[in-house]
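Here it is, the structure, as structure tokens.
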Amino acid sequence: MRGLLAVWGSRLRLFLGLCFLVVPGAAGADELNAGDTAWMLTATALVLFMTLPGLALFYAGLVRAKNVLSVLMQCFVSACAMTIVWIGWGYSMAFDTTGMSEGTMNLNSFVGGLGKLFLSGVGADSMTGTIPETVFITFQMTFAIITPALIAGAFAERMKFSAMLLFSVMWSTIVYAPVCHMAWSGPGAFFWDLGVLDFAGGTVVHINAGVAALVAAIMIGKREGFGQVPLPPHSLTITVIGASMLWVGWFGFNAGSALAANGSAGMAMLVTQVATAMAALTWMAVEWMKHGKPSVLGIVTGAVAGLVAITPASGSVGPMGALAIGFVSGLCCFWGATTLKQKLGYDDSLDAFGVHGIGGIVGAILTGVFASESLGGLGLAKESIGAQLGAQLISVTFTIVYSGVLSFLILKVVDVLVGLRVNEDEESQGLDLALHSEQGYNMEL
Amino acid sequence: MRGLLAVWGSRLRLFLGLCFLVVPGAAGADELNAGDTAWMLTATALVLFMTLPGLALFYAGLVRAKNVLSVLMQCFVSACAMTIVWIGWGYSMAFDTTGMSEGTMNLNSFVGGLGKLFLSGVGADSMTGTIPETVFITFQMTFAIITPALIAGAFAERMKFSAMLLFSVMWSTIVYAPVCHMAWSGPGAFFWDLGVLDFAGGTVVHINAGVAALVAAIMIGKREGFGQVPLPPHSLTITVIGASMLWVGWFGFNAGSALAANGSAGMAMLVTQVATAMAALTWMAVEWMKHGKPSVLGIVTGAVAGLVAITPASGSVGPMGALAIGFVSGLCCFWGATTLKQKLGYDDSLDAFGVHGIGGIVGAILTGVFASESLGGLGLAKESIGAQLGAQLISVTFTIVYSGVLSFLILKVVDVLVGLRVNEDEESQGLDLALHSEQGYNMEL
Amino acid sequence: MRGLLAVWGSRLRLFLGLCFLVVPGAAGADELNAGDTAWMLTATALVLFMTLPGLALFYAGLVRAKNVLSVLMQCFVSACAMTIVWIGWGYSMAFDTTGMSEGTMNLNSFVGGLGKLFLSGVGADSMTGTIPETVFITFQMTFAIITPALIAGAFAERMKFSAMLLFSVMWSTIVYAPVCHMAWSGPGAFFWDLGVLDFAGGTVVHINAGVAALVAAIMIGKREGFGQVPLPPHSLTITVIGASMLWVGWFGFNAGSALAANGSAGMAMLVTQVATAMAALTWMAVEWMKHGKPSVLGIVTGAVAGLVAITPASGSVGPMGALAIGFVSGLCCFWGATTLKQKLGYDDSLDAFGVHGIGGIVGAILTGVFASESLGGLGLAKESIGAQLGAQLISVTFTIVYSGVLSFLILKVVDVLVGLRVNEDEESQGLDLALHSEQGYNMEL
Amino acid sequence: MKLLKCVVRPNALEKVKEALSGLGVMGMTVSEVKGFGRQKGHKELYRGAEYTIDFTPKIEIEVVVGDDLAEQCVDAVREAAQTGKIGDGKIFMVPVDEVVRIRTGETGEAAI
Amino acid sequence: MKLLKCVVRPNALEKVKEALSGLGVMGMTVSEVKGFGRQKGHKELYRGAEYTIDFTPKIEIEVVVGDDLAEQCVDAVREAAQTGKIGDGKIFMVPVDEVVRIRTGETGEAAI
Amino acid sequence: MKLLKCVVRPNALEKVKEALSGLGVMGMTVSEVKGFGRQKGHKELYRGAEYTIDFTPKIEIEVVVGDDLAEQCVDAVREAAQTGKIGDGKIFMVPVDEVVRIRTGETGEAAI
């Protein structure tokens, strides 16, 4: 298999969006391309925009008015704390390539070295491929920011702020950085050497966060009144704003993962648009048929499902593959956020697992199918759809187990340290007043 | 006239923003420019941002709280459905150049061929000028998305969702794609061969949508209570957010229509800013004089009027021309959205015609004047202001008639198929609950 | 000192973000770089986005519901009026370099000539460095827009709209344009020749606006009920949206000030992110310790404080310097917006001085420290930290005095002309109804 | 004097106001309320979770009138607010012992 | 007939509604109010400015019932809304002279 | 016992609350209402469409007190809420048959 790897090695560079250009030594030699840099500066802003205010609003609209600020606060503090984690040690643990060698499985296949702690050695003229390393660091940082923020959807309206903050810092260190390393740090990394296709983070971001969300939702327990009284969204207007910003920002996420302003970025943008639209329409159609009416929350959730599912595939599939992925993810996430959740009875408040977990899994698997040139894709990384599916499944399974087990342990530790859940009075008063001494709205004149 | 065309042929390329670079054969030969591609990726995101959440919010704030979601839903579904229409057949009908030849009037002067159905033949390395064709497709798609969404302002608060969806799909196929083709598909196209200047879509987008809006407003009839009880905006805060996003996103619309990061794009951005500011101040001043107070809704509507009017002109005029266009459009749209509407008595709920129709016409005509180098413009496409005005007027008139008649017919068909309007109870309950089983706001704690 | 200047002359170009490339004659010779242009088009959109809707929302959420529109209106009209001022005379007064010569102090060290009134001589192919001059003009215009809008935070909820408009126009002409000229117009300018480092406007924008805000707050007096009844924010949700947009848009502000898509822009983006996160966390921590709970308003205000403070430094410091600047600005602005304000008893409604004034001063001074290569910076403009601090202090002091005195005089004139403050009835009714005949919200169904 | 508490449909407010004004009533006080009654509510659906909302939006108009005018007012309100469909609402008549106009200190019918 | 004005905690609404329905009460009218009483309010903090908010959110349920049912209703509401902690609220019983059903014009107990 | 319904200007709430507290009143219930009366409303203008809004925002304070305290309370409210300008509002005094404190089941004046 090593021989084969060599054969398609150069193609792979294209498929994986040049993500592995962080090869020390070689990197410095590349020349800065202002066009690529321009796009990556923009893409970075777009991905930050996805969290602030995109995801923050998407989630905030879905909770009751008394908890709106607590959700905004969690997203905001994620952006802040993950920034420090990332420059402190996260980036090094994810992208330092010390000790890695193609085809060799060792500790550094799973986690990066500590050579870049506190960005040591990074200057204004350090390069990653054709863009400044500073831009690459910040771009990747925005991914590290949004991932723990996604999890917050699962335990909304009842988790302690301190617990959430502690959990996020530990989780991004112990779970996010290693999985990111396995997928994107280049030859020698676990998923990389397997030939896994994950262009923009279906596994790294969405399955990873989705599974952690499921574990958290189960561990923290249901919200007071769940299943008995209505816990309706307090402002779908805000949720639609957030969903729209997620959509627009996702262009940075997916097309930015090309790390260049080129044909790969262009195709990533196009397929992102197509899959999103298709998933949204699918959700709408299913809901219309099942409940007699199409809903706004339905169509926007469908859009997010499509965005999630196309993420790993966005560098590998063509428009027709995107249509298929959109369609399947719309169906599956609808099932995940309605039927599955009701059947199993957990309270994943904002469907972080139902949408990101399920959508991520659907996307990761279908990437292995629709990347095939025979299906209009840009080419598999392995010899056949079967072999590719094998690689995809290994990475999916590994991530589910890894994130599941470690998220559980981290939550246990946090529970011991500060306690996970607010008390009953605080929950009924609302987290905004109880934890932050503020109110989201104060409409008196 | 052919000879003359040849003389200024090369200039025209600049004026029309390289829009006609979709010439098959030649296209593949161009080399990718990362800077141009970076800007066009960004511009595409910006134009999508104009609809989601820009226009959605601009409109949503203007309706009553019970209909807020219905408006957001219409914009959102537009984005989804038009995406599928565009990759399915819209792009081919607009930009396939089969059968076109400069100076020859035939069927393909009015509508594109079917050679690009479902994007057949488009790959990650297909090029349109100096950017990937995928980027060109997605950029143009965002125009196809916003245009039917604009129309929704006319029949807000009373149209059936199913009717709106059906109408949009048919309208974008039968009206939008052909008009887009006539203007922007290159030599051999109807408006193109006439030497019409429409840099970013004054005719294609705004007149087209504005006239359809007027027809729709008249056909669907007034809202219950119109003219008798107040139907005030439920949240001007939301409307201001939307207007601001439209403004920012419009840089992508106009400067993006240069299809490159060059001097033409730069000037387009500058004149867009100037005309918008001027129109906003003009509206404000007129209102201040007429009613004694300047209003927020006034100034933001003025800004949108300016954005609309500068759209066709943004590749052809200088800053002083932009000042003039801003001033005149501020005046005319004020008259359109207040006096004219009241006089004729139709209920164009959110002034889609008053702003986009009137503003588009003003802009298209004044482009023919201020493009003249003698007035600080970048140059006419024809020999004199008179001749240019002639071309502009033909395109304006043609579009008014074409869009007017076909919009009428499509609405008739939709009315027969599913009915245009909700019943009285649904209208009084509000479309959010009646059509979507949701409420926009639920502020209980 | 002249000799020394020559030595680091070429470095300085980098440090000051190529801002002085507006040297006539030489400018035209540069070749357009599409990548740089792409980034600057984007950066311009981002900075406009900071005002509309970013700052507008940040401020609007903080006032009572009856004044929400008045604040949005002030930001919106700023964007419009400053556009006209800028193309009319502001740009010329700021960036026309007639009469300037390195090392010579004359009138033109303080204010530009009138050679570019109404953008005379600017065409689509005029260049500023590697980007079209039109883009440079519009980029700088967005700075001229946001600066007076910042001041509006100080007199929110009680100033007449007419007075605000008049003040803004006069202030941007007499205060903003000259200070901008002194800092950024190139060799021969006052601050420039001193070797002051102000990459993106700590002095030009934030100290300038912050001091004007303080003067205005004191002159216009406290809001009715200030200190006696609660005047709580009407929607922190809106404020968080605004703060998030400010953060994202600030990438355009700081990284855009490199005027190119290069390593300097990349580092500016990275340090902006780091300082912002650090300041936000610092504010949160202090508040948590002092009041027992971390608040949403606290963390977002901290973020803005960090954004302000890193602004002058963003082209000169490394990530560790950014951490330090973030930390110190978080502390100082917390003190400014809480302790200092309470002690002195002025009513700076939205803490325009406490955050922008104090943050700007902290940033300007610390830039002189952390730019030093010995502290991980990119290099001082002067021979030592001491010398650099001297230059920084001169520019800070000069700006405080200049802006303070002239803001006072302008407000006096405006008071005579139209009166600064609404009457009691108008204030208690709310400015939205009293000045604009509109209401921000109308939630009846 | 009597306090009439009139619970009506939101879109009847305008008409009721005019009807009362027509009888010379100079003031009233209005609040938004939620009504529960024979009229059925509506369903809401959020990601598969169906809620039945029993309450419908109503307007409560409180008006204090002299004893002599009370009957007439009841009739006027009834006429203005009646559609004949379930959910039209109720009028409750409550005795009032005293009325004071804050501005002047007037009391009794003069204060209304 | 009696008008019972029941000021209760927001989360008691559902239970009170069911308790009253259980007694055959067919309708009621609900509004959001702010209560001031022995129960203490909360603090809010905005950039160092601390506000004490004395008011707590309450729900006021207004229900008109026949004289015979009044006592039972009072008991039912009390039971449904009682937690035993300060701030449970009050029931005020006010006499009602007349009730009119707008839809039909019925009056008296038949109109309730 | 008496129920005082005091309709006052929004910015009088604080003062009225203090005045009543000063008399030993331990609780009250407040709601936001819209008032129609002699005070004229305002105009709103949206794209040339002018609306006259007749209603002005008011606050209704409901407070139940013992018969003996009622007069004093009326005076206290009047003093606290009076500006002398049209629109100061009214106080309506309504008889109350019974009061129950939900927490304890106490009734009568002890329950207030």
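A, B, C, D, E and F are the chain letters, set down in written order, and residue numbers restart from 1 in every chain.
Keep in mind that, in the parts below, a residue touches a chain if its C-beta (ideal position, glycine included) is under 8 Å from a C-beta of that chain, and two chains touch if they have at least 3 such contacts.
Remember, it's a predicted structure, so these values are computed and weren't measured experimentally.
Here the chain-to-chain distance from chain D to chain F, counted in touching steps, is 1. For the pair chain B and chain D, chains touching both partners: A, C, E, F. Judged by contacting C-beta pairs, the busier of the interfaces B-E and A-E is A-E.
Per-chain CA centroids place chain C at a distance of 53 Å from chain E. Separation between the centroids of chain C and chain F, computed from CA atoms only, is 47 Å. Residue positions of chain C touching 2 or more other chains: 33-36, 38-39, 42, 232-233, 241, 261, 291, 293, 295, 297, 437-439, 441, 444-445.
Each of residues 31-32, 44-46, 94-95 in chain F touches at least two other chains. Taken as a graph of touching chains, this assembly is fully connected, with contact between every pair of chains. Touching chain A in their complex are the following residues of chain E: 11, 14, 42-46.
Across the complex, chain D is touched by residues 3, 17, 26-31, 62, 64, 94-103, 105, 111-112 of chain E. For chain A in complex with chain E, the residues that touch the partner chain are 229, 428-429, 433, 437-439. Chain E contributes residues 2, 5-8, 31-38, 54-55, 58, 60, 74, 77-78, 81-95 to its touches with chain F in the complex.
Interface of chain F with chain B (complex): residues 44-51, 53.
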